[in-house]
């Protein structure tokens, strides 16, 4: 960590700061310039709060040299983490498809969608039981019953299931869930992350609406620090000034995270764009950029297509998208 | 709500959509233009999911005419909500100051800060017991012990206390806390909001890092829908591309929220800027823009000023800022 | 255009507004709700200033139903615009590669790069002669001499050339330039756009750093309104809070623009990421998302690779990227 | 400047980079850590292109210690720059008001507004003659005739005038204009800035929609590097994800710029919010935050108030706002 001092800082102030750094177990290298003094900190700076140092009166700015995440850091774990769930694998260079409806609505619905996405090549079933909704007046999901229906679909098709958790209090319900999803709005719900860190079960961690890649990795670190190192990262669009799409899908997150971490990376083009007809091009782009998997919304109910339709593909559209995704994937493996 | 259909939508598709709207209990007014058809929905549209309709294949775009928040809406409750806590009042046109340290660290510290901010005119004491930290390796707060120390400071000074909650599971610890704070990262932790909606205690709800004013009001609505209508809104800076300050304080939120809602509005200039020397100018600006109160970090420990110092003022600086804030407030009441 | 009036607007105010709309040649349809009145405007609203209406005291909000761009609008011109420059074509479903150095530096450099990118399959040569630099102390480009050298490279290789203009005053120098580029910082330099509208020469218009897709199309409309309908749009990354990449490449712009306009769309992954090792994955993603072409920086000078290297690929890397891009393109045409 | 090298960089690569830095006249201090090597550059690094170095394959990241702006830098010019125009002064601790219509429309209009804003305490008249409009179909301003009318108003009232330039080609028309405004969209129109750098006339430079404070200062540096050191900076709102206001007024820019530069700072609350009823609270907030002046839109034409009304105050409203602004200003000088 590099700390740049302000012009005009007294020797006494400087020494006080150096003393404090030394108390934290760090070595300090001093370099005096014409206008500013730079302190280079040597040792394990991951416990130093960068924002705190940056906000000291005497400090001009701070720069971390080594990232504050360790367990998630590729520097210390050069090999990819490979996560296996049922027949699907994330992180070994294969392309895995996770598909299913936005919300679980009925037994008939989820069994039908499950069968059809399996046929189209999906390796895992997704479906919302607990739904984070901006409005308290919107449908909040079937809850425990939704999870029960997902388990039925798993039984029927053999597909492992992934569904979102919104509160640690509901954890017992997730016993037979294969992968637990943390939604964008809970990416920095640190109490929840700590609870998930105690499990021995893969976690699908979605990037928050306005979180940086490094913050995403710090949230993964929360889970990993607790002992659970099976984290799958998910890019799902960030909030920008552009309103044509619901969010802006940041596909450069794929090569960027690939450098920074050994964890697998999947992309959710459905939530990112919020527009069914944009799901396919963005899914293909994600594969071309090197994603380990895709998370795609698929609905099945033509009669209720109005309210299902949203950002979801029909099973036919999903089949088409999956084939094209496969072709892009193969083209790049030649 | 206005729904604009795409060019080329068939009559059958259109009728299907209209039928669905009617099933939701809405009247539909059809207006056909040269290139597009516009459906005007009449009735209570607050239960209609705007994003869902917007993402239908046949829909070009959607516009809400009436806001989806009701209990928080000034249109239906023209009078200001006034919240009284101990001797402080929010929403009656007065200016209330909430001050205290970022984290509660020791009995000595919190008793000293409490006494000094009271003397300087603060009407409520703040202090963090449970701390949301980006890194799992950073200090996470004293927890239950921190709340106990705040209670001691309350006893000693008579100041009501406000502190942040991070998980509904810790609610029993907050029994003697006067105002419960929901931090920016939990603004859309809907399960937590629902729990707080069951209390009879004021909630200080901070705007999320990348949340719109309308989303802030929808989160207030979550609490209010549960029966707890005592919500104080807090602007604390939003995330933008500018990195000179930690966040960008959006003071236009004050007149904007004033129009939209009857709830009181306070501003936290400490977290917004993350720079102690910017707290005063932004605090004064917030008062000039019409804030009902300020939330300001104050530390007391000159010896440990290094790590406390951060974005906090000393008691002397706070006294100075409070006096100036008072002067701006008085100047605008003449 | 839909105009929603505020609650409490008097009949007199409303009639005054309706009268004003009628003076602009529009029909007005009035729809009164319980809390608000909605005015539907019928006719050519492209000359109505949306922001102005939105900011009237009596107006709650405004929504455009038909876009304010006409010549660029796919609704009125359903067929793709196809632009041919030398042997390259944009907009006919083919994939065209534009490559070359960030700055033209010497005859030797540009002739060498030109030959090598041609060999690797590029159909057009790019190179900066006038360089927009944030700092007045940075190298500003070779200017007129740079254009002369590009012309030499064109002569030697047969590749058409594209280079950036920064001021209408230099237009005479661009006589033999095949495509004139407008950089992101000048996307709303309306005086320049008007001048380019008078030419009979394709314009490559880059999206501004913080401009919406609709603003990009309005800038294209400036050029087209002047009579020059040969505009190629270029997505090159937008400014967001994320700082890991220089900008955030918004690939959803491709399917979005495809819907909105008939103009060809190219992508510049070099400037978007600012990191050479990210150019290939983002180039491939752009092709998978349906781009008509790519604009890629290629440098040739291994000795000076330090300062050239930047966001540029070597000719070898470009050859590799071009081959993979071609493979993705072919995979999606099967 | 600090350059952090990637893990695994060879000694040869490193030496090549060091050699290149030395060729630029810099000293290089090498500090080797366990995982990374840090190069400290000593000397005048303002000519080093930070982005270029950051994008080299071997470089992990770069941090500037000294800012790349010099003439605008308070470090080298600790005293405030004071700019006097007619009877108004910017930068000496006083509060100066600039007011007038969005567009100059007629002689009658501008003479009337000028007289009324003068009476209300404005020290300078503003009015648009050349208008940057997003749409080519919107009113583009009266141009030369508009400037002529502003000159008449100046003659009649004695108020100095400020108006926007959009192209260097129109410079001769600005001979009698007292302050030339560069709009947000042209903040990085470097060719225009260079031309303005040759004048001996104050320039009012508006911050671009998505430009950082440091970029604003680099644009000021362009003008100052040419010899014209009379630059007034203007904060006018930045583009964020929030759409309730047209832009988000960043008032923390005032204390931030105050630290970084000696140039005067004014605020434009009219364009920032785009909503007349928000102009007053944001104007007062700007004064409380320490602005040297305000730029406020005032219209006079009750009959055409519909289209004028926009973000403008009436003269009566402006009088009221000016009085309150004065009161806040006085309260803080006690």
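Think of it as A, B, C and D in the order they're written, each chain with its own count starting at 1.
The rule is short, and it goes like this: a contact is a pair of C-beta atoms (placed from the backbone, for glycine too) under 8 Å apart; a residue touches a chain by one contact, two chains touch by 3 or more.
What you see is a predicted model, and the numbers here were worked out from it, not measured in a lab.
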Set of chains whose contacts include both chain D and chain B: A, C
Of all other chains, the one whose Cα centre sits farthest from chain D: A
Rounded Å distance, chain A centre to chain D centre (Cα mean): 39
Separation of chain C from chain D, taking each centre as the mean of its C-alpha atoms, in whole Å: 26
Residues of chain D whose C-beta touches two or more other chains: 210, 239-241, 243, 277
Chain A-touching residues of chain D, taken from the complex the two chains share: 2, 4, 7, 29, 31, 33, 35-36, 38, 40, 42, 60-61, 63, 65-66, 75, 210, 239-241, 243
Residue numbers on chain B that touch chain D, as the complex places them: 210, 212-214, 238, 240-245, 248-252, 254-256, 259, 272-273, 277-278, 281-282, 284-290, 324, 327-328, 330-332, 334
Contacting residues of chain B [partner chain A, same complex]: 16-17, 20, 46-47, 49, 51-52, 54-57, 68-69, 132-139, 166-169, 185-186, 188-192, 194, 209-210, 215, 218, 221-222, 225-226, 239, 246, 274-277, 306-307, 309-311
